[in-house]
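Report on the following structure.
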Amino acid sequence: MTTMYEEQYVWRLPVRVYHWINAAAITVLFLTGLYIASPLMSSPPGEATWYHGMAWIRLIHFATAFIFIANFVFRLYWALFGRDNYARFAGFTPWKPAWWGQPFKDQLASYLFIAKEEPNYCGHNPVAALTHFLFVFCGSFFMIFTGLAMYGENNPGGFIDTLFGWVVLLFGSSFAMHTVHHLVAWVFPVYLVLHLYAVVRHDVVDKSSVTSSIITGYKHRVEQCPELFAD
Amino acid sequence: MAKRIVVDPIPRIEGHLRIEAKLNGNNEIADAYSSGTMWRGLEIILQGRDPRDAWAYTQRICGVCTTVHALASVRCVEDAIGAHIPPNANIIRNLMNATQQTQDHLIHFYHLHALDWVDVVSALSADPNEASRIAQSISSYPKSSPGYFKDLLKTLKTFVESGQLGIFSNAYWGHKGYLLPPEVNLIAVAHYLEALDFQKEIIKIHAVFGGKNPHPNYLVGGMASAINPESDRAISIERLAMVKKIIDDTNDFIDQVYIPDLIAIAGFYKGWLHGGGLGNYLSYGDFPETDINDVDSYLWSRGAILNKDLGTVYDDVDPRDPAQITEEVSHSWYTYKDGDEKGLHPWDGETNPKYVGPELPYKHLDTDHKYSWLKTPRWRDNPVEVGPLARVLIAYAKGNDDIVGLVDTVLGKLKAPKAALFSTLGRTAARGIECKQTAGFMRRYYDQLIANIKAGDYDTFSKNRWEPKRWPKDCRGFGFTEAPRGALGHWIHIKDEKIADYQIVVPSTWNASPRDGKGRSGAYEAALKGTPMVDPEQPLEVLRTIHSFDPCLACASH
Amino acid sequence: MSAKGESYAEILEARGISRGDFLKYCSLLSVYLGLSASMVPRVVKAMETKSRIPVIWLHGLECTCCSESFIRSSHPIAADIVLNMISLDYNDTLSAAAGHQLEAVRKQIMKDYKGKYILAVEGNAPVKDNGVYCMVNGESFLSVLKETAADAMAVIAWGSCASFGCVQNAKPNPTGATPVHKIIRNKPVVNVPGCPPIAEVMTGVIAHYITFGSLPELDRLKRPRTFYGTRIHDKCERRSYFDAGMFVERFDDEGARNGWCLYKMGCKGPTTYNACSSIKWNEGTSFPIGSGHPCFGCAAPGFWDNGPFYTRLADIGFVGTDSTADKIGAVAVGGAAAGMAAHAIGTAVKKARDSKPEPTEVEEG
C-alpha cells in the first residue's frame, strides 16, 4: 500500500503532450480516413486542375499519420526508457499468469458491480492498462502497419514498400487491406466512448480529478492505493 | 461385336467434352454418348450476392461467347426488379450482341471448325498460281495474288520443315475424309491466318462500349458508357467513327472471305450429309427493336419446329411457363430433392452436385446411368436443337425475307436441296448465313444510334431501379438472349435485395446434354448416330459433326 | 542452359540416340507429315538447328477467355507467336488433333523435352472429391496438371483463375478450385492475373522469355513487375478528377458524361495492380474505366468476394452480407455507448444503495 497525497504528480509533461497529440491525430485520422473512403460531395464542375479536394484530405491523412507514428514511437521510448513510473510498461505483463491475479480480478469485479470496493490507482488500474493496450497500443500498431503498407503502394519498390509491402500478403490483396484498415479504424471511437466514460466516472466515484490530470498532471485526494506489483 | 471409341479431350471447343461412341460392324456410329466433364458451380456461387453484380459472375461462365451471359443476366435482373432501359442502351446492347455473333461465328468457322475439312499438309503441295486463280474467281478479296500465296507457301513450308508442328501436331492429315484440292486447302490456310488477325479488329467495338474484350462491362439499367459528343471521355464522334470503320471492314471481310470460302469448301463436301440429328429446333428470339418484352419486334423470331416440319412453327414458346422448359438430372451427376426423373422448371430448379461416375482414372463412363455434368433440358418434353441452324430454319419457315434470300442463294450455288439443311453441313452453312446477317445488323444499330444522338438523346442508363430499396422484397425474373450457340436463359429469384436462387440453361446444355429419363438423346448424340467412320482410330467424322454445333462446355455445365 | 539454344538433334543425342537413328527418325517424320522424300534433307537441317521452345497449354476449370484474349494480341500478333516464336504443341482451343492423338503429343513433348518445355495453365484444378469436377481423358485435371508440371522448366499461370482462383474459387468454392501455385510448389511459377489478362501482357510475357532468354522479374505475388508494378489508379486518365474530388455520383450523370472519376461507383482502380490504364485493351482502344465502368479489380486476388462491386466499401465476409466496415463500426460505437450508459446507471444505483444506511443488508453468504 502506498499513500497518495493531496497533489500527486502523475502525468509528466511528455505524457500529457503525447496524449493530446495522440488524441488530436486520431481524431483527424479517423475523420479524414472516413472521408477518403466515402467522399461526401463532388467539387463543382470545371477543370479538374482547379480543385484538389480529395488530394488535400489524403495529404492531411498521410501527414497526420506520420505525426501519429512519431508520437507513438516517442511514447514507446518513454515507456521503455523514460524513468517515469506511471508511464512505464514495467508492470504490464499479461503473458504472466500472475498479472491476471487478485488486483485485476478486484478491479474487474468492481467494474462489474460484483465487489463493493473501488480500488483506486495512482497510474493505470490493471483493467484500464489492458484496455489501453488492446485498443490504443495494438490498434495503433495495426493502423500503422496497414497504413504504411498502403502508403508504400504509392511508390512500389520504394523504401516504405520494401519495409511494409509484405503486410499486404497477410490480407491477400490491397483491397482487403483497405477494408481491415477501415474496420479497425472504428476501434478508436469505441475506445473513446469507453475511455471518456471511465475517466468521468472515476472523477465522480472517487473524486480524483482524473479528468484535469491529463492537462495539469496532478491527481487529487488522499487515499491508500494498492500497488499492482512491488518492483 | 460393338466397338467403343472414346474421343477425349476434344479440342477446338470451349471446355471439357467427352464423346463415347459405339460402332457397328460397318464402322458406323450406332450410339453415342456426350459427357461434359467439368463443373464450377456458378449457380451456387451466385447465391446471396447483389443481383446487380450477377452479370459479371455469369459472364465468366464463358470467355468465348463472352458477352451473352452478361446480357441475359442484366435482362434477367431488370425483369425481376422492373427496370426499363433507355433506347440507346437497347441499341448498344444489340450492337454488341451482333458484334459478338459475327466475331464468334467467324472464329468458329476458321479456327475451331475448318481443320475438320481442310488438310493443312496437303496445302504444301498447292500451286500458288492456281490458288490465286481460284481465289480471284470466287472473291474480290485483295489478298489473293500469286505472290501472296507464294509467300504463304514459303512460310508454311518453313514451319512444317522445322519438325515442330505445334497446334497441327499429330492430326489427321492425309485422312481419306479430306476432299479439298491442295489449292483450296492453301486458300483456307491463308484465311485461317487472316481471320485470326481480323477477328481482333471486329471485337474492338466491345472495347468502345464495354471497355474491353473478352468480358466487356454491362450494367443493370442500361450501359455504363456515357454518350457525349462534346467530350473525349465518353462515346464521342471519334469513337463512333472508329465503330463505323470496323463495321464496314467487317462486312467486307464476311462478304469477301467467309462466305466465298464457305461455299467453296461446302461445294466439295456436299455429298457428306450426315449429322442431321433431332430435327426439333427452338429459338427464344432476340434483337428487340423496341423493348425486350415486345416479342414481335425481334429481328430474330421466337419459335419452335418439330420433326423437321418447316410447315409448322410453334409461336407460343414461353420460357416462363413451367410446362414448357424443364431440366432433369436422370443421367447427370446431380440429385433433386423430389427424385431425379422429374424435370424442374428453372424457377424451381436445384443444383446439388453428386458425382456417381466411375472412380478416376477410368476407361469408360457408365453411360447406362449418370454420365455428365450437364443437366438435360426439354421443351414441352421434347429434346431440341438450338443454335444457328434452329434460328435460320425458324426464320426460313416464317418467311423472313433476308433469310429466305440468303438460304436460297447458298442452296442455289451449291445446287443442294432444302433437305441438305438438316445436316452437319447445313449447320455450318447456317452459321455463315447468320454471320452475314448479323454483320448487317451491326450497320443497322450503328445507324439507329447515330439517329438518336442526332436527335439529342444521350441517355444510356435509367436510375429508377438502381437502388435496392426500390425493389420488390421478393421477386423473380427471366432474362435471355440468342447466343451464338443458341437459346440462353437465366432465371433469378431475388429475396431481400439478394440473390436467393439463380438458374442458367445454356445453348450447349440443350445440345450436348445426356439422355433424359425416357432414354432420349440430345442433339449431339442424335446427330452422331448413323455416321460412317473411315477409320475409327481417327475420329475426324466425330469432330466434324460435334464441331458443327460449336460446343461450349464451360457454358453448358457452368 | 536453356532449351532455347538446343536443337532437337542435340536433345536426342543427349539421350543416346545415334546419328543413324536420328536420320531414320527424320524420314519417318517426313512421311508422317505427308512430305515428299525430297524434303527429308530439309527436315534434317531444321532438326539440327535451334528449335522453338515447346509450350503445353492446359485448360482446367476456366472460361477460355484467356485464350481468347491471347489471340487478340496485336504486338506481337498471336499467329506470329504460334508460328514463329514458340511451338504451341498442345492447346485445347487450337490443336487440330483430338483424343488419344492429342494426349500422345503431350506425352511426347514431356519425354523429348524433359525439363525444357514451358507449361502454360489456363484455369485451375478442383481438388475436392478426387478432382471429379474437371476430368480430362478419364483422369482428374489435377493429376494431369501435376504430371505435366513435373518435367516442365517453368509454369505460366494465365489469368486470375490459374493465378488466384477466380470465380469458381469464390465462396463457397463448391469444387475446391485451387490456383496453380498452391499445387505446383517446386517449379518457378509466373502469375499473369486478370480476368482475362490483357492480350499484350500475355504475349509480352512470352516475348520476354524468347527475347531475353529468361523469365521476367516477378513481384511478391509472382507477377511480372513490368505489367503489374503499379495500380490502375496510378496511371488512370481520370486521376486528376479523383484528386480534385470530382466524382461520378450515378451512372450517366453529368460527371459520367464528362469522364469524372468513378471512385464512388465502386472503382477498385486504387487497389488493383494491372496495366489497364497504361497499355489498355484491344490495341489501346479503351479500358473499363475509359468506357465509363468502374474497375472491379479483376486482376486482384479474391476480388469476387470483395463485392458488392458498385460500392466503395465491401461487405465484410465473416460477418455476413450487407455489413460494411462503417456499419459494423457504427454498431460497435453504439454498443459501447449503450453499454457505458447502462454501466453509468448501474453505478448510480449502486452508489445510491451504498449510501443508504442499511445496516442489515445481507448480500451473499
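Note that the chains are named A, B and C in the order they appear, and that numbering of residues resets to 1 at the start of each chain.
Just so it is clear, a contact is a pair of C-beta atoms (placed from the backbone, for glycine too) under 8 Å apart; a residue touches a chain by one contact, two chains touch by 3 or more.
None of these values were measured; they are calculated from a predicted model.
If you tally contacting C-beta pairs for each pair of chains, B-C comes out on top.
Nearest to the overall CA centre, using the mean of each chain's CA atoms, is chain C.
Averaged C-alpha coordinates give centres for subunit A and subunit B that are 61 Å from one another. One simple way to say how far apart two chains are is to compare their mean CA positions; for subunit B and subunit C this gives 26 Å. Separating the centre of subunit A from that of subunit C, both taken as means of CA atoms, is a distance of 40 Å.
Annotation for subunit C: residues 258 touch two or more other chains. Within the complex formed with subunit A, the subunit C residues making contact are 219-221, 225, 229-231, 234, 240-247, 249, 254-255, 258, 260, 263-264, 268, 270-273, 297, 300-303, 306, 312-314, 316, 325-326, 328-330, 332-333, 336-337, 340, 343-344, 346-347, 350-351, 354. The touching residues of subunit A, when paired with subunit C in their complex, are 34, 37-39, 41-43, 45, 48-55, 57, 111, 113, 116, 153-154, 156-157, 165-166, 168-169, 172-179, 182-183, 185-186, 189-190, 193-194, 197, 201, 204-205. Residues of subunit C touching subunit B in their complex: 8, 26, 29, 33-36, 39, 42-43, 45-47, 51-52, 54, 59, 61-69, 71-74, 77-79, 82-83, 86-105, 126, 129-141, 143, 166-168, 170-175, 177, 195-196, 199, 237-238, 250-252, 256-259, 276, 281-283, 285-293, 296, 298, 304, 307-310, 321-322.
Listing the residues of subunit B that touch subunit C in their complex gives 6-16, 18, 37-42, 44-45, 48-50, 52-53, 56-57, 60-64, 66, 111-112, 115, 120-122, 124-125, 155, 159-174, 193, 196-197, 199-200, 203-204, 206-215, 217, 219, 221-228, 231-234, 242, 333, 353, 355, 357, 359-363, 373, 458-461, 463, 466, 497-498, 538-539, 542-543, 554.
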